[in-house]
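What follows is one structure encoded as structure tokens, with my remarks underneath.
Should a chain be cited, it is by its letter among A, B and C, assigned in written order, with residues numbered from 1 in that chain.
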Amino acid sequence: MIYLVRTLISGLSLGSIYALMALGYTMVYGVAKMLNFAHGDIIMVGAYSIIVAVSQAHLPPLAAVLISVAVCACLGVTVEFLAYRPLRQAPPLNVLITAIGVSYFLQNAALLVFGSEQKAFPAIVSFPSLSVGGVEIDGITLATLAVTAVIMASLTLFISKTRIGKAMRAVSEDKGAAELMGISVNRTITLTFAVGSALAAVASIFFGAAYVYVRPTTGAMPGIKAFTAAVFGGIGSIPGAMLGGIMLGIIEQFSKTYISTLWSDAIVFGVLVLILVVRPTGLLGRKLNEKV
Amino acid sequence: MDMNKSGRLVPYPSGAFIPERDLGNMPVLEARHLGIDFGGLTAVDDFSLTIGRTEIAGLIGPNGAGKTTVFNLLTNVYQPTRGNILVNGYSTAGKSTHQVSKMGIARTFQNIRLYSNLSVLDNVKVGLHNTLKESFFAAVTHGFGYGKAERVADSVALELLDFFSLADLAETAAGSLPYGAQRRLEIVRALATSPSILLLDEPAAGMNPSETAELMENIRRIRDNFHIAVLLIEHDMNLVMGICEGICVLNYGKIITKGTPDEIRSNPTVIEAYLGRKGASETC
Amino acid sequence: MKANLKNRLCSKNAVTLYFITALYLAVSILVYGGWASRHLSSMLISISCYIAMAVSLNLVVGMLGELSLGHAGFMSVGLFAGCLFSIYTVGTLPLIVRLPGAMLLGGSAAALAGLVVGLPALRLKGDYLAIVTLGCGEIIKNVITNLNITGGALGLNTSTIYSGTKTLLPYAIALVFITVLVMMNLKKSKHGRAIMAIRDNRIAAESNGVDVTYYKLVVFVLSAFFAGAAGAIYGHSFANVKAATFDYNMSIEVLVIVVLGGMGSINGAVIAAIALKALPELLRDISDYRMLVYSVLLILIMLLNSSPRFADMKGRWSIGAMYKMLRYGRKAAVETEVSHGHE
């Protein structure tokens, strides 16, 4: 029984990171209606920023985090401006291919700059661990969950209560109509990418804290899994991202523990395929009818 | 044979009205109590329509009345939640859109849906998809009946294009055609499927009076030459009153009334639907 | 009849085949005459396989208009199925039966995998379909790596069936020829038109009687078959093969080739495959920057594709346009204006 709870906790810790990553993904998809394949790599850039800031520039953790957030936000905005904005009217296939190109570019640029050996992520997150009925939940997991919950709540409030949030919802429904209502679609999407990428930076903090070693290619697979989580929960839905992330983490951990570590990737992707076939809109997503 | 002369509507056993000349033949389309709900919204309710074998019928109503939804129901793009449809006497229940197309319904779309990267000729040839006898093996080897099928496709497609004066543009990319030509191409492509009934969704949209007159002529030619029925959705009342023999008026997803152009023209409920109660009182 | 034959022999498709024949003729002379360097020899099989991969992926991406990110997975299935067959029959069957047998078996196994991947894909399109294919590619990689029969994580030892370029070249040529021929023929047929109609306007295609479900499956199965056959040959050119090589990165590589060649263009895929696989070997020094350049290329091509001025330019300078100019004269080439990139 205790084994089960431990696995659950591990799953929760894995899932919380996926949830945090998925939040950024889902935000961008919800508003700009495009899959930013490069999201995972922006997380990688965020992690490297912190590594450079702390290990090389010897800055205090808080400054490093702020720098990382700034770098990622700028990166996201630049990528949007250069690669995605010109393709706003293009068929989704082209946009997806471009996103893949951006992802690859970031990975290979990082490879050239930082080399392929792994670098250690500085221990900047220290949070006390909690003991519940004999089972210990480590500090990083708690911190990740707490931060994710706070971000989710603030995002939801932001989207529903503020003017900018309303603008984002409008752009998400109908870009043309939003533009006609005086909303600057360009600025709204830019802001979405900025926020989404800033979220990626936050995710990188906890990712780095949990996994310690960072490589240029570290972002790719988690990026895909984060996307899986977002779709699982219903892409475009913020609570869905959190739910999807946690569930995915639990499923992955359970399959690692009870079935085999070797098969866990296959199972996770198998779950993705199953979800998309059975319920394409995910757990909390809305069904969109195509206009004929 | 001038089909319009005997366009008098007479009662058909099911309670519908079809042109007198079609009385001896089974109606090409029979929709019975069609209905569909989207979530909580009932988009179409209790829609019943019978169309004679060579009838030109019109479906009119204010914007948002559900006319295109009816078309989508008739072609099983949406599966009706209530009611059923008979095409040439056969039920379309449970069939997918492409199967319904094989049964004899062809349609055009409100926002033109052409294969923009294919040539005009290829667009029509796609319409011929189910009439060509070309197996996959033949396609891949370019033998075993491929040559014959493609020759047939070429000649039929060119003939159809010629009917609408589009033959010169056969090799042009469909996406680069002028608007009027695109609309005509869509109709030609629909005709290529050898339908029993042609559904036209706002064929005159964006056309000036002379183009509309040409369209009216073309629709009559289609009916006279191919001996098929036509059901069109239109807002242009000149067109509707000019060629439709029977008109069905829709509002809020329900049929308000059905009848001949004269009956519809003077029907107060119809006028009210379009102009609102105040407008109706002012007209009367 | 005579005119028909003449048309066929002078058609654009025929020109492509002549071009490929000429290339392979030249290459064969070098290889069998002993003038080819080891370097060149070792590249040839690999390039041929990539050509087949690109042309088969073009069916999915260029003609059907859906993004498949798991193509390497099909190559992998074909590779292992074909090589296992080959390993088990290396003593009993002569080469001339064993290799085609391996290719057929590999292709069929991959086709089956294509069917399995295609089924969930039926209800999906666009981004979601892409991700499902990605997931399936990863699942295939995972499964093959974990099976004992395929050697597990250490990979399959193919030293018993390892064959040099001189042995494999005829089969590679046959593979490329058949793949290109099938795809070109398909494009000019009723089924090819149906597939492209689905790409251009799925809803209209359905209303024209095209069974979208059927064709989606056919496309996945067919493209997987050729990827698998290519994989089978590919495996014979190595002494050891691991499933991990055939991952997302390789799928992307093939995608880059298809995109670079112009989506939907078979000629383009062939040329791009040769260019992208041959050039890096010739420019060994910048191999570090290779993937970086690929990614920039990918982005640039996508950006250029969506700019109408470039599309116009591409139309006028495409191979199709040049061919028309040569055959029909300048005036005719300008008049007949079929959309770019689809020759």
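The rule is short, and it goes like this: contacts are C-beta pairs under 8 Å (C-beta built on N, C-alpha and C of every residue); 3 or more make two chains touch, one makes a residue touch a chain.
Computed from a predicted model, the values in this text were never measured in an experiment.
Visitor: Of all chains present, which has the mean Cα position farthest from that of chain A?
Guide: Greatest centre separation from chain A goes to chain B.
Visitor: Return the chain label for which the distance between chain Cα mean and whole-protein Cα mean is smallest.
Guide: Central by C-alpha mean position: chain C.
Visitor: Please compute the C-alpha centroid of chain A, do the same for chain B, then give the distance between them in whole Å.
Guide: Their C-alpha centroids are separated by 48 Å.
Visitor: Report the inter-chain centroid distance for chain B and chain C in whole angstrom, where each centroid is the mean of the CA atoms.
Guide: Whole-Å distance between the two chain centres: 42.
Visitor: Using mean CA coordinates as chain centres, what's the gap between chain A and chain C in Å?
Guide: Each chain reduced to its C-alpha mean, chain A and chain C end up 33 Å apart.
Visitor: Give the residues of chain A touching no fewer than two other chains, as numbers and ranges.
Guide: In chain A, 292 touch at least two other chains.
Visitor: Do you know which chain C residues sit against two or more other chains?
Guide: Those would be 203.
Visitor: Listing for chain B: what residues touch at least two other chains?
Guide: 77, 109
Visitor: Please output the residues of chain B touching chain C within their complex, sorted ascending.
Guide: 75, 77, 96-98, 101-102, 106-107, 109, 113-119, 122, 125-130, 132, 134, 136, 138-142, 146-147, 149-150, 153, 171-173, 175-176, 189-190, 192-193
Visitor: Mind pulling up the chain A residues that touch chain C in the complex?
Guide: Residues in contact with chain C: 34-35, 83, 86-87, 89-98, 100-105, 107-109, 111-112, 220, 224, 227-228, 231, 260, 262-263, 265-266, 269-270, 272-274, 276-277, 280, 290, 292.
Visitor: Going by the contact rule at the top, pick out the chain C residues touching chain A in the complex.
Guide: Residues 61, 65-67, 69, 120, 123-124, 126-128, 130-132, 134-136, 138-139, 142-143, 145-146, 203, 248, 252, 255, 259, 288-289, 291-292, 294-299, 302-303, 305-307.
Visitor: Report the residues of chain C in contact with chain B in the complex, numbered from low to high.
Guide: Chain C reaches chain B through residues 4, 182, 185-186, 188-194, 196-197, 199-201, 203-212, 218, 264, 336-339, 342.
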